[in-house]
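Two complexes are shown next, each including chain A; its partner changes from chain B in the first to chain C in the second.
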Partner chain A sequence: MVESSNNPRDKKLRATGYMLKPLWVTLRTMVRVSLPGHRPRTIMYPWEKSIIPDCFRGRPGIILDKCIACQKCVKVCPTTCIKMVQIEHETLGKVKRPEVNVGRCMMCGNCAEVCPTNAMIVTPEFELASYTRDDLIYDPIKLQHPWKAGYEINYEEQLPSNMKGPAAKKGSMELKDTVCLEAKKCISCSRCEKTCPTGAVKMTDTGEVNEKTKKPIKRPVFDDTKCVSCEMCVDVCPKDCLTMKEAQ
Partner chain B sequence: MVETTLFSLLHGLALWIGEVAQWLIKVTGIKEIQFIGDWAVTGGPVNFLTILLVCAIFMVAALLVGITCIWQERKVLGRIMDRRGTQVGMLGLFQNFADAIKTLLKELIIPRDADKKLFMWSVTGLIGSSVLLLGLVPWSTRFFVANPELTLLIGLAVFSLAPFFIMIGGWASNNKYSMIGAMRGAAQLIAYEIPILMVVLSIIIMTGSLNFNVIVAFQQTHMWLMFPLFIGFITFFVCGIAESERVPFDLPEAEAELVEGWQTEYGSIQWGLIMMADYLRAYVVSALITVLFLGGWDGPTFLWPEVWYLIKVFFVFFIMIWVRSATVRIRTDQLLKIGWKRLLPLSVVNLGIAVVMKAMGWF
Partner chain C sequence: MTEMWVNMGPQHPMTHGLWSLRVKINGEIITDAEPMIGYLHRGWEKMMENRDYHQIVPLADRLCYASSLSWSHLYCKTVEDLLELEVPERAQWIRTLTLEIQRIASHLMWLAAIGTDLGSYTMFLLPMREREMFLDLMTDLSGSRMTTNYPRIGGVRNDLPPNWERDTLRVLNLFEKRLREFEALFDECSAFLMRTKGVGKLSGPEAINLGMTGPFMRGCNVDFDLRRDDPYEKYSEVDFRVCTHPDCDSYARYRVRIDEMYESCNIIRQCFQKMKQGPVRVKSPKAVPAGRAFAHVEDPRGEGLMYLISDGSDKPYRLKVRSPIFVIVSGMPAALIGEKVADIPAIMGMADMCLGETDR
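Presenting the complex of A and B:
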């Protein structure tokens, strides 16, 4: 009985498997591809480009009038390459819009995924070489890109009202976050109302009256149908009385 | 009619240049320097000029052939892998020149702890010995640089200088990868030199000469030595691939394990020259196989003998490329095993066959 061994040192170099078969395969390939009418598989890159699949994620792009300046993209970006900058726009006026440092961007598409209004999209652009690093910082105007079906990354959002069964009660991960107010700390500054990009916050009378100033106390009320969970109010609140909670 | 050789052709040119110089000096009318003009047409200067011209022309031609070998390799490998290969210029012929310019423009870096003089000079020695080899193989009886009696011996002596320069270069880099690569290179080159010498010995026995012209003339009158000495031909071919450090015997480089082997620390034009030397050596091996086994410039007369020679060289080089594309790099122990246990006995058998054939008077 011949003992077989797994030690590579015991394996012999056999002429057929090691030399003759590879030689035959390469010769056959060479003759086949040298015959007229055969086109090598090389893509002549600068002149012809490979076909980009539909789900290709190139540099991020933006549709300026869809953006609500909620800064979710700024927060979610893993490489922190998005910054909000002020721009002067013909129809929109003075607004804040994201600026992307494409040199640092890793084309993960998280910003497009998180954007509540699909203003941030992934584009099929991948030829991003430039002569200076500054050229790689795309301001909102340069970042614009015409929308086409498939450029935005959407995940199915499930509203609590659509949910059935035990998942609806537990509050699953697919539910969006809503703001939760700690009423005792609130000083009625109404900053959250002013910052909210979607107008989901409204200061309403509680009926109580401040004993010192004799003014009615107002508290924010959040309209969950309008809220896009951007956490702008949480950031801006001077008293840290707002937190994000999973919707019940 | 005496056959016009490159030498006699250029001798006329040199003589003419001397005469022009003599006439120019006469035109000046200064009596004191007339003797320079007279000296310019005497044997010494004319011969010297002729030799310079011959060397220049032959070297340019041989270097162009070496460069064409690189181009051929890239194109054939491209075909085998179903891609296009080089693209620059007509049929991609100018890619090599573009690459040369690119390597020239890189910065030349010498490691701080390296032995600087040896580091630089080993490359010079390697490329120098490789270029010297180019001049030793004649293209035909009329296109050659020099034709000493012992060409084959000189050629093999120069060929075996490489391990020395590789060791020096690897040691001077002061880098363990370079050192390991250099030791592997030296082990490989020394192991494969011996079968080569044995095979060459059998050829010497068969033809009774160390001169390429005589060897080729012998093959013209009898038969190509490839047929009687087939075992030797195969052995020489395998050893030749190993000697020029080509796949599957590219252990000294072994870029997967050893970064780049003994050339790790070399950059810029030094690296370019080393690569160039590699290909020149591969070309010389092809030329040696052509001259020793395939009848050299022997062939039907409708083409020049030089053309036959080049066709055969390119064909041998094509087979080397083909082998390269089909095989994987072997391990050190396999390499040494093949060298000492297979090729050496085979070359001895081949030597025995040659001796028997000569003794029986068949050749």
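Presenting the complex of A and C:
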């Protein structure tokens, strides 16, 4: 089909002339990579590791001291590979901490991104092959990883109402979604107080007294500085009287 | 002479990914062709109906392994259209330049694939080596080589890391030299020219009728590019040429993609010059108002489109994906009929098949 082309070189150079340039490129590359001082493009992998940046997203890791069991990572995981399990803590007793099924994890780093205390981190560990599937389920103890700068994911966000102003850091007061109480529906069960991982909910007396039981009526009061917007109180409320008000 | 059907694939070196091409041959001449897909169907669109809006971003990356960023960007853009959310200036610039880096990486992947299709191992190794430089840039930026999870609804995940601009410009300078080397390797190789010139002829009007888009259509001498004709992000503020080629054959499609890589380098340089400091991310609401939105972008393979229907909850009611390759491969029989069996890799390779987005 070369005859039909209108490239003027076709007439000058026959097929053999056309072979020389690519051969020259190939040979030059071969000489270039084998000269001393020119490192080859491949590495001897199991013996020699490639250099990866600290922000590389490998398996998720956890710093157990920082975790407050807010379950935000469980909610955000697209593959639902994070589960909360009970472990024995030295000072706090029985606590819930995340367990990650690394075999299902797709290393998106979303869990580290939403973590309000930066307890979830992304580690540069990527050699995760194992002989059984049980080995791939990392319990909180196995999930631990030493911290290094760059492992946690911080970002700066802007509120849509404040486009021109300075950006706010992750977890700052401006960006926080706050809990709203619809007091009419509340039955003072104080489940929100019990579930809150940070102790931001306090049941306080309203001064009123229940006419039937003659006991004082209590309503939850939310401390926004402590709140991490984990929505656990919203989920646990039996009467659906709590809603999230998003920062706009 | 009797005609017969021959199956090429699903396990065939010509098929990148899992699909099959049934061709009806009369001796060496193809008289009919029928692409068969569906081996990689994962129910992606249905799966999205029980994920919330923020969880879909990393899953949208999985649509195409070679150009993941353009798909997660397309998804974020669709949701932003529905929310009427304004993305900060700097985030738009960053998106523009990362999309172009992704385009170069994707085209290099195609260039390597076409090398093996036509039986030259050097043509495979050299583009793969250059692609690694761009993947390293993406690793520094987002922490991942291929499935970047970098765009967010309302911006991008993080700002550019320190020294990234310097590294990118160095890579581009080196890459343009290497690209000329590729031209010497491909364009001046008689074997490559003999395989690609004059095969797979498809005229412009025919390509438009079949709904083909992207470099394949521009290789059929149609001057259309969504980046110029329906600009999104910051493409309206950068100068670039829409690459076309008058030959309408496989060689033309190869030329279009090579020229696009040069143009992408220009766009990235312009982005760095025009970019200003500023915020990169806006907080986006969790629940999306009820309504419909669609967005289309110029994917490295063609026009990618997403159509989103929301019912006001925190999960999409329906998310439809229009994949460019699905349309191109459906129209491929028009280019194949009348050609020889041995030319099938040279014609089909120019479509740059990616089954992740085709089957979804």
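Simple rule for what comes next: the second predicted complex is superposed on the first by the 199 of 248 C-alpha atoms of A that agree within 3 Å, B and C clash if a C-alpha of one lies under 4 Å from a C-alpha of the other, contacts with A are read in each partner's own complex, and residues count from 1 in each chain.
Please note the rule applied: a residue touches a chain if its C-beta (ideal position, glycine included) is under 8 Å from a C-beta of that chain, and two chains touch if they have at least 3 such contacts.
Since we're looking at a predicted model, the values are computed, not measured.
In the superposed model, A:Gly207 lies in contact with neither chain B nor chain C.
Between chain B and chain C, more residues of chain A are touched by C.
Using the contact criterion defined above for the overlaid structures, shared-chain residue A:Ser34 touches chain B, although it does not reach chain C.
Once the two complexes are overlaid on the shared chain, A:Gly93 sits clear of chain B and of chain C alike.
Within the superposed three-chain model, A:Pro46 lies out of touch with both chain B and chain C [touch as defined at top].
By the touch criterion stated above, A:Arg57 is placed in contact with chain C alone, chain B being left untouched.
Once the two complexes are laid over each other on the shared chain, residue contacts for A:Pro146 go to neither chain B nor chain C.
When the shared chain is aligned, chain B and chain C each come close enough to touch A:Met19. Touched by chain B in one complex and by chain C in the other are residues 18-19, 22, 25-26, 29, 41 of chain A. Put simply, chain B touches chain A in their complex at residues 76, 78-84, 87, 322-323, 325-327, 330, 333-334, 338. Interface residues of chain C facing chain A in the complex, by the touch rule stated above, are 51, 54-56, 58-59, 61-62, 85-86, 88, 122, 126, 129, 132, 139-140, 142-144, 147, 149, 154-155, 157-159, 161, 181, 184-186, 188-191, 193-194, 197-199, 279-283, 285-286. Those residues of chain A whose C-beta lies close enough to touch chain B in the complex are 9, 13, 18-19, 22-23, 25-27, 29-30, 33-34, 40-42, 44. The part of chain A that touches chain C in the complex is made up of residues 1-2, 4-5, 7, 15-19, 21-22, 24-26, 29, 41, 52-53, 55-57, 76-78, 106-110, 113, 122, 153, 155-160, 163, 167, 175, 244, 246-248.
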